[in-house]
């Protein structure tokens, strides 16, 4: 299973902050995972679209589209940060 | 009368922190006052010598050799500052 | 070097006193406090809610402090960032850097703040008379963080 | 804008809290605390005595704050400088600058410290195992103050 986390505006738009996902065979990278989630349609299609300014982390480290994703990973999606 | 103030290392070297001086006729500028004091000899000659790294203020404003000095003024001599 | 993410308020004086205690090599302590303003982008702000990513947030800040330690002489550093709901005039964030010299303390403190703004996973939602809105990331914050990429002159 | 020259210690938290109170335009507070170190120029320092020029010292610091206000957006500023005899780990000086934005707060705070070091009439005498000695002015302090003569980039 992959643990998926969503934060802030994204969490509200998707209506969930966390889910467990059985790793699909086609999904080996962060980019592929994002495309997989976009195929859910609706808010998912909109929020996960390639043009959206979305950040992600794999196992709590900032990640890019080609970052590998494996079973047991924690993957988080979130908007650009605005702390401080 | 001119009020003369000496601070820090200079105060210790001259053995005084404050004095009243009747304005000599030849003394109309800070530079002339310094030369006048240097003529006292001993520690005065040494501390007021032209080569010494000495700062001065007239009426609590940083002054240079050509700053005018008049009766009633407060003139301070001191080493470069080292606060903070 | 300490990182705390908490709902509770903090006291700068208490934290600086703890840092100074029995540390006679410290000559300079620079600190920064971020405060909730009552206006942002022209709208009045009633409250603000801060969300973070538990675990990653603390690790990100620790990495930012480590980077500062690699660039300047840092004897100690502390970052406290509040989460939850805050109102105008409330304190949001505290950065303290202790060094032997003031140039290092100032530079490392400002560096940590600039990087924290653009790298640590926090998100702000403001409640204004028009309703709630998530604060957008600022281009000026990216610019502030990016200027540290250039060589930095060291003044001690 | 306040200037205090005093023998008593100060508390940064208390001063920052007083500055924040009822001032919802303040978004950023940068502060600096100078601390007595136990070593200077290679010698151990037992105590340090600070002398000042009553009247001129306060006026000089007020002028430095005014200059900072002309360069950056400063909502409030406070300088406290202690005089008398201090020992290692004691606080010497406090500078606090409040602004809407952190870039202004940091720059104005560091500017005030750098100028205070080279322009405000204070003198330090250290007591070391070798006896008392007046601290010499530092070339690095002059350099730190001089860099503000150049145009300064503004980051908000």
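Letters are used for the chains, namely A, B, C and D, taken in the order the chains are written, and counting of residues starts over at 1 for each.
To be clear about the criterion, contacts are C-beta pairs under 8 Å (C-beta built on N, C-alpha and C of every residue); 3 or more make two chains touch, one makes a residue touch a chain.
Predicted, not measured: the structure shown is a model, and the values here were computed from it.
Participant: List every chain that touches both chain B and chain C.
Facilitator: D
Participant: State, to the nearest whole Å, the distance from the C-alpha centre of chain A to the C-alpha centre of chain D.
Facilitator: 48
Participant: Distance-wise, how many Å sit between the C-alpha centres of chain C and chain D, to the nearest whole number?
Facilitator: Roughly 21 Å, centre to centre.
Participant: Please tell me the distance, in whole Å, between the geometric centres of chain A and chain C computed from their C-alpha atoms.
Facilitator: 27
Participant: Which chain D residues touch at least two other chains?
Facilitator: In chain D, the residues touching two or more other chains are 34, 113.
Participant: What's the complete list of touching chain pairs for this entry?
Facilitator: Applying the touch criterion to every chain pair yields A-C, B-D, C-D.
Participant: Can you name the residues of chain D that touch chain C in the complex?
Facilitator: Within the complex, chain D contacts chain C at residues 11-14, 16, 20-39, 88-89, 91, 100, 102-103, 105-106, 109-110, 113, 140, 143-144, 147, 153, 155-156.
Participant: Can you list the chain B residues touching chain D in their complex?
Facilitator: 5, 7-9, 57, 60-62, 76, 78-84
Participant: Would you mind writing out the residues of chain D in touch with chain B in their complex?
Facilitator: These residues of chain D touch chain B: 34, 50-53, 55-56, 59, 81, 92-93, 113, 116-125, 134-138, 141.
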